[in-house]
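What follows is a pair of complexes built around subunit A, which joins subunit B in one and subunit C in the other.
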Partner chain A sequence: MIVYLIRRFINYAILSMIATVMAYVLACLALDPKARYLGRNPRPSDEAINHILNRLGTNPDDPILSRTMHWFTQIIFHGNFGQEYNYTSVSHDMFVRSGVSLQLLLLGSFLGAFFGVALGVWGAVRQYKASDQIVTYSSYLVLATPVFVLGVLLMIVATNFNNAVGHQVIQFTGQYTPGLNGTWNILQDRVSHLFLPTLALSMFGAAEYSRYQRNAMLDVLSADYIRTARSKGRTRGAAMVRHGVRVALIPMSTYFAYSFGTLIAGSTFLEKVFSWHGMGEFALDSIIKNDINATAASIFYVSVLVLISSTLAEVLYAALDPRVRI
Partner chain B sequence: MAVIEPLDLDTTASLVDPGKAPKRSSRGRLIWIRLRSTPRFWIGVTVVALMIIWAIIGLWFTHWSPTDQDLINSRTGPSGSHWFGTDDIGQDIYAETVVGLRKSLAIGLIAGPLSTLLSAFVGSFAGYVGGKADSVISWFINLLLVVPAFFLLVLISPLLKDKAWVALIFFIAAFTWMVMAQVIRAQTKSLRDRDFVKAARFMGVGTFTILRRHIVPNVASLLIIDATLGVVYAIIAETSLSYFGFGIQPPQVSLGTLLADGTSAATTRPWVFLFPAGVLILLLFAVSLIGDALRDAVDPTSGATRG
Partner chain C sequence: MVNAPLLEVRNLSVDFPQNNSTVHAVRDISYVINRGEFLGIVGESGSGKSVSSMAVMGLLPSSAQVSGDILFRGESLLDMDDRKLSRLRGNEIAMIFQDPLSALTPVYTVGNQIAEGLLLHDKALSKQAAATRAVELLRIVGIPAPERRVKAFPHEFSGGMRQRVMIAIAIANNPNLIIADEPTTALDVTIQAQILEVLQKAKEITGAAVVLITHDLGVVAGNADRIAVMYAGKLVETGSVDDVFNRPHMPYTLGLLRSVPNLITAGKTRLVPLEGRPPSLDALPPGCPFEQRCPIAIDACRETEPPLLSIGSSHEAACLRAPEIAAGQLQAADVFPRPEPIPAADQAKVEGRTVLEVTDVKRYFTLTRGAVFKREIGKVKAVDGISFDIHEGEVLGLVGESGCGKSTTILEILELTSPQDGSIKIDGVDVSTLTKDQRLAKRKDIQVVFQDPMAALDPRLTIEDIVAEPLTVHNVSKADQRRRVGELLDTVGLEASMGSRYPHEFSGGQRQRIGIARALATEPKLLILDEPVSALDVSIQAGVINLLEDLKERLGLSYLFVAHDLAVVRQIADKVAVMYLGRIVESGRVADVFARPHHPYTQALMSAVPIPDPDAERSRKRILLDGDLPSPTDEISGCRFHSRCPLFKVLDPSLQQRCLTEDPQLRVIDTSSAACHHAELNTLQVT
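Moving on, here comes the complex of A and B:
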């Protein structure tokens, strides 16, 4: 079993490594680092531009293959992702920013998965009742709303709420207010900043997961072993949870991994909308700034997240389904 | 049910024509019968049809064009003259929404089905041929799935900047076919050893003819659902890209650029954001209702209609 998981992990690791290298090549083809300097007034001399780009290792006059090799060996042997256009270390920025992003992403996807599963089970148990219909149609409505629109709509609601209450209860720009003192104040401030983006991300996640969980749960509810569990004296609730939800979660674990990519993209939008300085913002900004090193590093970050989530999904699958463990 | 006219042999013969009779209970017809009685389907179809008509003729109802600047009435809310209000420089939100909707609709309605076509082709080919080609293709699909499609689209977006917006359609289709291709591949694998496919193969029918005549028609229902929901994904992809400045470039207008312009003022002058957002959500909701109704009609054991 452990061997199987390790093999899957290595397989995913190789895939994400190749994907990162290909992303670097793609970035070299699509981005034009010279454009950042050519548009300036007065225009820097060619020597100056070449000097800067050579130092960054992103001079488009060098062959792509040799640049890629150089970039890749730097990462493998020195753990060095190179420098951004302004000479700051990519690795350092990545470390700080991924802390910011993961806060939102982990909390949002955990809450989304939890409420998605809960709503899906609830909808399946109460099939065709008004509550089931409301859950189904509201999940369609949330899914028909692009995440950034959802974020801005929540912002409008929060503004009205703040105006009604009389002061800024819910904050919606940035991750925290700088210059606050006292643990309690800082904690309160963090929560009031975290609230809206987390709500948006978990609403999106919950809407998506609830539909699949409902279908999976409906498949399970009519199964014989639920009836057996009931007839041996288990209460309805216990039979549902121990024998129903657990089995219905098995196909879901694969689905969690599949949809994690959409959640990463969703949290990227939300970082931009709520001006959080995380990896999502980093990725989009570095593409706008034609920064090849930073762009490739953010793609690396995304593929590592996908790698971890796929492996976790395999572990979850094995934990839930005894048949895999043999 | 047929009118029996024993004297006229010709009509009777055509009424019980054995070639025509089984067609009535064919799978397509069965799906249609189920679909016909689903209110969700009709609501979705009506809304989408109205949206398309509105996108075409919507500008007839206003004397503003999307590029007009009514500076005297800039930053005003909805009124008799400007139905959806105006933005900072007095542009009419109603006219801009209609024009933006046109572009988003065009992109969604073409890119969604195009990506389905691509997944049908790649998926059925990989599943049917098997062996080395199959391994290479599935490996490639898995590789593309490691990085979420949105990031790939953003990464190549600089290549799009100086191209016409139509290019965006093909780029979106090129990066959204992978998951469905895997599903089609799995389905094809189970179809490959069925007798009717084997018979065709042993008679010497070519690979692509078998795919077209025997494999693809058997996964058609999946493809129709995917093409419908693909419209939703394509429109969301377009609006997201344009919203963050990677898709449609100003002065071209799409719902995405319109929402981007409206965001800064969304909390103070909500109409600049709410009207385009409302139109977008209504459209996507209607299309997903159609997709959902289709899914239930194709597979009655799934989802809402299960007894």
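Moving on, here comes the complex of A and C:
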């Protein structure tokens, strides 16, 4: 089993390497770093622009192949993702910012999965009853709302709430308030900042997961082994949880891996809405600024996350389902 | 209450409300089960036999409306809530279900699932003690190496083994009542015999009363004390096994008993078909539900539904004319006369040419591993050198357990291309020499009828289109197609006017007739029948078998009849070939093979088939096979059957040596041939 997982991991690693290289090539083709300088007033001389771009290694006059080779060997041998347009190190920025993003992503996806599973199971057990209908329609409503609209709506609700209470309970700009002292104060402040974006992200996740979980659970509900469990003397509820939910979770682990990509996309916009300086913001800004190195690096970051979540999904699947263990 | 019977069902009715009608699945039935009794409930699908037992367990879906009363030791089960019922379930009343493959939760070990039942009802029991008891229970139900197997997951067990585990779960808490709902239906006959044996053993150990629900009259004949026959949601006859089998009083029971092929009588007399189908349960006629199919129905039958009338001591039948049957004024033969065979004048002349000749055909499947670089890790010898031939107007029955290579054999023949090894000749022409056009033309000569008539017909085509489809392939004009379809429907006993209907409007038996009509469309010489009656209800089977017999006589057809039901093969076939693990182990004329089987496997197969006759069943000596079919990937040296062979076990070690090292070939013994080294020493008796 371990050998199998290692092999899968290596497979995924090679895939994400290919994805990153292709992303770099794509970024080279799509982005025009010169445009950053041409619009300036006074316009820098061509030599000056070429000088800067050569230093960054992103001069469009060089052949793409040699630029890609240079960029790639720098990563492989020096762990160096190059520099951003303002000469800061991409690697360093990526390190700091991914910490910010992961806070949001991990908490958001965990809570989303948890509530999604719970709502899905509940909806399946109460199929076609009012509660199931409400869950179904509200999750479609959430799914149909763009993430940034959801974010803004939540901000409005939070503002009203803050006004009603009389002081700023829920914060919604930035990751923390600078200049606070005392562990308890800092922790409280962090939570109050984290609350709204996490809520938005997990609502989105829960809405999606609950649809899949409801289906998986409905398949299981009429299964013969639930009947067997009840014939042994389990009550309806206990049989449903111990034998039903446990089996209905199996297909969810695969789904978890695939939905992770959409979750990252969702968090990109949320970071922008809630002014979090994470990888999502980094990616958006680097595209706007025609920054090839930073754009390719943010795609590398996403592919690594997908790599980890896919491997995790495999481990989870094997842990949940003895039939696939080798 | 001490004197109350173990289980008393009083006026039980179960309704399932639908959108604009109500399905009356069980209608006003009452019965009693005493301590330690073995009751068999017999009925066809949709007769309400399972629903009534699920009502006893309290496991009906929430949409069911239950009325009447169910008393377990005097206490009403219908008044109990789920929590209270749960204390009884698994502890006092246990249940074994039909499909063992899906009845166990796939994610827990079997030991866990057995221990679960123990721990639920005995809070003082430690986990360790429960695990030990689980091992012991596995040993009781005959799982080899239980200490090791207790940690295995359900998917590592075969169907038969899983059903043993289900029995272990059922008997874990020494229940007073075990309900077994078609426990052997999904299993091979050799495994069925094993499971019935384990069920009897479980009954002896726990002293529990057993309710065995089945559609197979043979299964209850040898095991049950009493029988209840259900039809259209009603009990129509109850009584002791001997009374019901020997002196049936309800025409349905009578017809059912005469329609089932029976190893003892099969092949000597024609079957008596029980035509028609039960009424739909949401629109029942006011009178007797069997009236439409009943040959002795009178006007009164159409007016009121007859109640159960007492005939003798504890023998009841729901028929207005039961007194006449009891008095001997109506004989079974008068009620359901045996159909006459096709008169000699109508029989086609057959010259006895060889229609199909299969010589030493092999089909191996290689198992590979790896996605990019495939390497061979094993071989499945699905068909390993088999030879047989079929002459004009002859029926060859091919029998064996599932996994023995029957299906691969027929697919290989239907392929009409050269097999991996060996040769196939159709009508004297070697199929490997055919060109593409010749192959298409040859397909006319050889047609197939499939097992499941529901799945084999396209639901979106009319019957006319389905039957005409083979003609379209062979460029027959539209007008000719229509004429031919009318003829064909008439030939198989359907009305030509039915052509514009869709498959879902027909019953299982009618659909199989449509399948046969389609196969006959191209006027083939050879029909391959792949388990043509095993998916049909027992009462329908006889009609289809008779039709196949008549068609053979009238059209001079030849059949390759693949089946696992030996009685059906005995009924229709002229020759039989018994397959085991890709080889034919015995073949010959049916009369010879069935009268004197030489191979121990044939003997075991025959003795595993239950006979719907309680006297014969009780006096039989059984040869039980151990375990399951070995995995087809295993390399077996010597005789393939030696691991399960009952003869091998009683042989002298010096003689066993030959079985272990030398692969036996088919050789002529008496009038048939068998692949066994020691057939002459075989003293195992089969009756």
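In this section, the second predicted complex is superposed on the first by the 324 of 326 C-alpha atoms of A that agree within 3 Å, B and C clash if a C-alpha of one lies under 4 Å from a C-alpha of the other, contacts with A are read in each partner's own complex, and residues count from 1 in each chain.
Keep this in mind: a contact is a pair of C-beta atoms (placed from the backbone, for glycine too) under 8 Å apart; a residue touches a chain by one contact, two chains touch by 3 or more.
This structure is a prediction, so every number in the text was calculated from the model and none was measured.
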Practice task
Would you check which partner chain A:A223 touches, where first means subunit B only, second means subunit C only, and both and neither mean what they say?
Solution key: second
Exercise for the section: Please indicate which partner A:G233 is in contact with in the superposed arrangement: first for subunit B, second for subunit C, both, or neither. Expected result: second
Practice task
Pick one for A:M155: touches subunit B only (first), subunit C only (second), both, or neither.
Solution key: first
Exercise for the section: Check whether A:V247 is in contact with subunit B, with subunit C, with both or with neither, and answer first, second, both or neither. Expected result: second
Exercise for the section: Report for A:S131: first if it touches subunit B alone, second if subunit C alone, otherwise both or neither. Expected result: neither
Practice task
State whether A:P322 touches subunit B only (first), subunit C only (second), both chains, or neither.
Solution key: second
Handout entry: Of subunit C and subunit B, partner touching more subunit A residues
Key = B
Exercise for the section: Check whether A:T262 is in contact with subunit B, with subunit C, with both or with neither, and answer first, second, both or neither. Expected result: first
Practice task
Touching subunit B in one complex and subunit C in the other: list those residues of subunit A.
Solution key: none
Exercise for the section: State the interface residues of subunit B toward subunit A in the complex, per the touch definition above. Expected result: 142-143, 145-152, 154-159, 179, 232, 236, 239-240, 243-246, 259, 263, 266-267, 270, 273-274, 277, 280-281, 284-285, 287-289, 292, 302-304, 306
Fill in the blank from the handout: Interface with subunit B, subunit A side, in the complex: residues 12, 15-16, 18-19, 22-23, 26-27, 29-32, 127, 136, 140-141, 143-149, 152-153, 155-156, 159, 214-215, 218, 258, 261-262, 264-265, 268-269, 272-273, 283-284, 287-288, 290, 295, 298-299, 302-303, 306-307
Problem - Touch list for subunit A against partner subunit C, complex - result: 223-225, 227-236, 243, 246-247, 250, 320-323
Exercise for the section: Give every residue of subunit C touching subunit A within the complex, in rising order. Expected result: 57, 59, 82-83, 86-91, 94-95, 97, 99, 102-107, 116-117, 120-121, 153, 155, 166, 169-170
